[in-house]
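Take this structure first; my questions come after.
Think of it as A, B, C, D, E and F in the order they're written, each chain with its own count starting at 1.
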Amino acid sequence: MTFHAKKLLTIVTEAVLEAPLVKVLQQLGAHGYTVSDARGGGSHGVQGGGWSFEGNIRVDVVCDAAVAEAIAAHCQQAYLPHYGLILYVSDVGVLRADKF
Amino acid sequence: MTLDPVVLFFLLGLFAALARSDLKLPPALYETLSVFLLLAIGLKGGVALAKTGSPQVLLQVLLVILLGTLLTLLAFAVLRWRLNRADAAATAAHYGSVSVVTFAVAASFLARQGIEAEPQLTLFLAVMEMPALVVGVLLARLGERQQLRWGQLAHEVFLGKSMVLLLGGLVIGWLAGPAGIGSLSPLYVDLFKPVLSLFLLEMGLLTAAKLGGLRRQGSFVVLFGLLVPLGFACIGLGSAYAMGLSAGGALLLATLCASSSYIAAPAAMRIAVPEANPALSLAASLGVTFPFNLLLGIPLYWMLTQWLYA
Amino acid sequence: MTLDPVVLFFLLGLFAALARSDLKLPPALYETLSVFLLLAIGLKGGVALAKTGSPQVLLQVLLVILLGTLLTLLAFAVLRWRLNRADAAATAAHYGSVSVVTFAVAASFLARQGIEAEPQLTLFLAVMEMPALVVGVLLARLGERQQLRWGQLAHEVFLGKSMVLLLGGLVIGWLAGPAGIGSLSPLYVDLFKPVLSLFLLEMGLLTAAKLGGLRRQGSFVVLFGLLVPLGFACIGLGSAYAMGLSAGGALLLATLCASSSYIAAPAAMRIAVPEANPALSLAASLGVTFPFNLLLGIPLYWMLTQWLYA
Amino acid sequence: MTLDPVVLFFLLGLFAALARSDLKLPPALYETLSVFLLLAIGLKGGVALAKTGSPQVLLQVLLVILLGTLLTLLAFAVLRWRLNRADAAATAAHYGSVSVVTFAVAASFLARQGIEAEPQLTLFLAVMEMPALVVGVLLARLGERQQLRWGQLAHEVFLGKSMVLLLGGLVIGWLAGPAGIGSLSPLYVDLFKPVLSLFLLEMGLLTAAKLGGLRRQGSFVVLFGLLVPLGFACIGLGSAYAMGLSAGGALLLATLCASSSYIAAPAAMRIAVPEANPALSLAASLGVTFPFNLLLGIPLYWMLTQWLYA
Amino acid sequence: MTFHAKKLLTIVTEAVLEAPLVKVLQQLGAHGYTVSDARGGGSHGVQGGGWSFEGNIRVDVVCDAAVAEAIAAHCQQAYLPHYGLILYVSDVGVLRADKF
Amino acid sequence: MTFHAKKLLTIVTEAVLEAPLVKVLQQLGAHGYTVSDARGGGSHGVQGGGWSFEGNIRVDVVCDAAVAEAIAAHCQQAYLPHYGLILYVSDVGVLRADKF
């Protein structure tokens, strides 16, 4: 059982961005993505998720380092100035390297 | 006249949240209730239109769209006095658009007194939601090089959830007529008002959450949220009178003008005008104007209507 | 005869999703509505059985189980013509099983015309859901060395959610009788049809999502989804006639045969026959057969019934 | 007398979960139903109070609070025989407090027989939920150096969700009166009992989940869960008699005393007495006492009431 | 405060697999697991989660490397051929090593 | 595009702890947090999430190593003895180091 090194990119941001973000991920070379609902707090205050458009989402993408950088760059330019968003990258090992 | 009990539910929600009770309604309930209200209002209007609709209604619809556009521009002009372009444009879109729940409370206000209104008011509700959003985005982008994504905007405006449910309900009600809708009335008619009471409980909780944000926005926002609905209600009343609507219809049109969006507009503006501060518009629309209309505005507009129609 | 208004809600949902509106109902609402429909159908059948049930019903139930088994085998034979074993078996299980909502729409169709049906049809609905799933798994595993997990399969079949709610409702209705159920009827009787309208709105949204998948599956699936219900309805009609059911009962049995499962079967097949492509069966069952039955099938089967019972 | 059909729904849920069916109701439905029940009970009591309330009620409320406190101490004394201080205190809080659903089933039991009860029983329901929680925490912390967070505790007790909804409903019903509430009754009155049936279905599922935990807790817990409600019901009956309540009111007060909390108490104790084992109290309260009261207790307490009031 | 090195295994797959997967995890030596609902897209198309049986789940297991390998091997053999599933492993530090 | 090294602290625990935990996180120096609903199983049995107060939550905090240690120490002392809780730390790279 060998695990192949990939990057896991996690984005936490406002729920309204789900549709545009998912579109962009694919354009920038991600082969898949996982979204789940979240709530939280940060510099833009508390996002309680009481309302459908007020909650946060958490988006996870397993991909190559280059794709991760491209997505991060896009988020920084397009979303960070106006939206509540955090983004972090970590190292993971995956089963089938060709899938990602 | 005593307070409509549905308004008491709003006050209960407001109290619970301000007192930091752990009372919370599940988000799925909120979404369900709003689907229900939109469908029920649409159906009722459609059935009524089937009975009494006249071609003149189309002209009225055009006038009402114009009215929504003008109110948005007016709100923008007032707001630019103190706010930057993006914030003013986004907030103006909220106030040019309408609140379905405020409309429902005004309709319940009329029903308690046995006063009828024209069925096309439902149509006005549906068509007044959208022009303001388009105008708001245009105002925000005016003079900018950045090209507008017209297609996406039009899509959001014409196929937004509330538009689809209201117009869909209208068409179903119109096609099925009173006889066809009869078997659906135990839900869409009999339960309308009690479901509205649950919805207002939730609105009380949500309003309280926005009151906190008010302090940060300052007194201009509060004043705006109190005075603009008054002014807009008068414009609405005048327009209703000029269009030859009945007193009931006039109250509803005045309420539509005075009410501000707190769902469609915030969602649309967040995407289309991201540089605007969403907390600002929502504090005004949900924290000030919504409770004002509910508690004082509607009875006040009715007094004005009676005076005008006397 | 005009369209039943509940069908208009289906068309509204279909339109909204095809036009890419952002209209979505919360998943919790969908689950709640389906619990409600199953209980309400069960209760109604149970009360009726308490009044008019006869021992002969047990024999009919056995015949209906046999019928479900035969239909599954028949569907498999047709499907094997073009599909691999697993896909054919899984899809056959969908078509041998039944759709509760299609049944509810047919019942509402009868109610609008004041036509009665035998109470045991509810029992048939409950017992026809399961045999097809067992047969489908057997067909997929036939000739394989791999041993079947019979226990798990039986458990899923007899204790599946819809089985428990339908039969549970039947038993409660039967035990409590008309008097006992009276105080529950404002929900389970009066609201049945309007709640069905909400459910069909959701079904329209879901159906549209499957229509996209149809293109990938090709014309065989579409033809199958259109023609098989027709044929199965005829078999159902004939069986009803032979069993001595009334015209109303015959329409319901024909509809049961013609309808295909889109909840119990997909869930069971995904676990028991994982190598089958779930998109294929669901595109046929939900994308083709469900709307066909709703919009054209039921009125058509009723014409056939009237012709047969004339 | 035959079983109330709402109790059959409880048995259906119990059966489904014990047989490991995949039947599950969405959590949002559970929360919605409980908001509804609390509001509906509150409204009904408020309307009745508006009609027949007397100043004497305030004295009765004080007596009932005292009663809740005494029952908690009594339960603690019994439990300390076998359990450590924390477990005994937390469990005593459950039994000093009350179960809204058990109250609703007893009210439905009375309604089926056309027996009236005093409106202030709703008030008793509201005020009996809280003192036990305070006493439970005090008992757990007695003799400890650790300071109590009184503020937080008081807040949880007075502004807990069920308190706000019950008292809020009471006040709205009282302010609006029978006329004002009329238009809300299709939901809050007509649908009360059928909604209770859905709620009890869910309670059956949840009870079954706790029955598993019973085995690990041993026979002391089972005995406690069976005998204490009996004893408490007698105390409640006696108090009702002494307070001059009617037979209907006596049954409801006996049921309140006999019932144990399974929502407010577990949540409060988990935070305030974390060292107590939550599985233990919940197994007794939900796994033993709740079904006992529902199936046998209420009819039994009614027999005792009739004997006492003969 | 010392953190002990363990593996975090994350599986994203179809919701119907929740019950069988949870059973297997315990058999293969995991001492616990965490499940949350998710939606996403990948080679098997979009899993919107509009329906209870159509959504995805995300399963996280903190365990030893050996257990992670065993679970990964089982998923690869039993689920990967027929179900939409991804799986990745990363390094984490935990508080009480004996719990995992 | 440079990613700055931070710690990602993940806590899975009982839903009743959400409010007190979020309060403590801020007191201990976290600049933000993300919460999502979860279910799971461990030494305290199965947390099915059928009831609002019975489910688990998952709390993610991106922060400095020192803050992560402080939070871990507080959880160990205040919650671990009585509540079902796990906690793990991993290395991540973030976009804007000043945010965390």
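The rule we apply is simple: contacts are C-beta pairs under 8 Å (C-beta built on N, C-alpha and C of every residue); 3 or more make two chains touch, one makes a residue touch a chain.
Small disclaimer: the values here were computed from a predicted structure and weren't measured.
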Chain whose mean Cα position lies farthest from subunit D: A
Greatest separation from subunit E - chain, by CA centre: B
Centroid distance [mean C-alpha coordinates] between subunit F and subunit C, Å: 46
Rounded Å distance, subunit E centre to subunit F centre (Cα mean): 19
Centre distance in Å when subunit C and subunit D are each reduced to the mean of their C-alpha atoms: 41
Subunit B: positions in contact with at least two other chains: 24, 26-28, 31, 186
Where subunit E touches two or more other chains, by residue: 36-37, 90-91
Pairwise chain contacts, counting only pairs that touch as defined: A-B, A-E, A-F, B-C, B-D, C-D, C-E, D-F, E-F
Contact footprint of subunit B on subunit D as seen in their complex: 26-28, 31-32, 35-36, 39, 155-156, 159-161, 164-165, 168, 171-172, 175-176, 180-181, 183-188
Parts of subunit E lying in touch with subunit C, wherever the complex brings them together: 14, 16, 20, 45, 48-53, 81-83
Subunit E residues touching subunit A - in the complex, by the definition given at the top: 10, 12, 36-43, 56, 58, 69, 72-73, 75-76, 80, 86-91
Residue ranges of subunit C touching subunit B (in the complex, touch as defined): 2-6, 8-9, 12, 15-16, 19-29, 112, 186, 190-191, 193-195, 197-198, 201
Touching residues on subunit F, where the partner in the complex is subunit A: 1, 3, 6, 8, 22, 26, 31-37, 60, 62, 90-96, 99-100
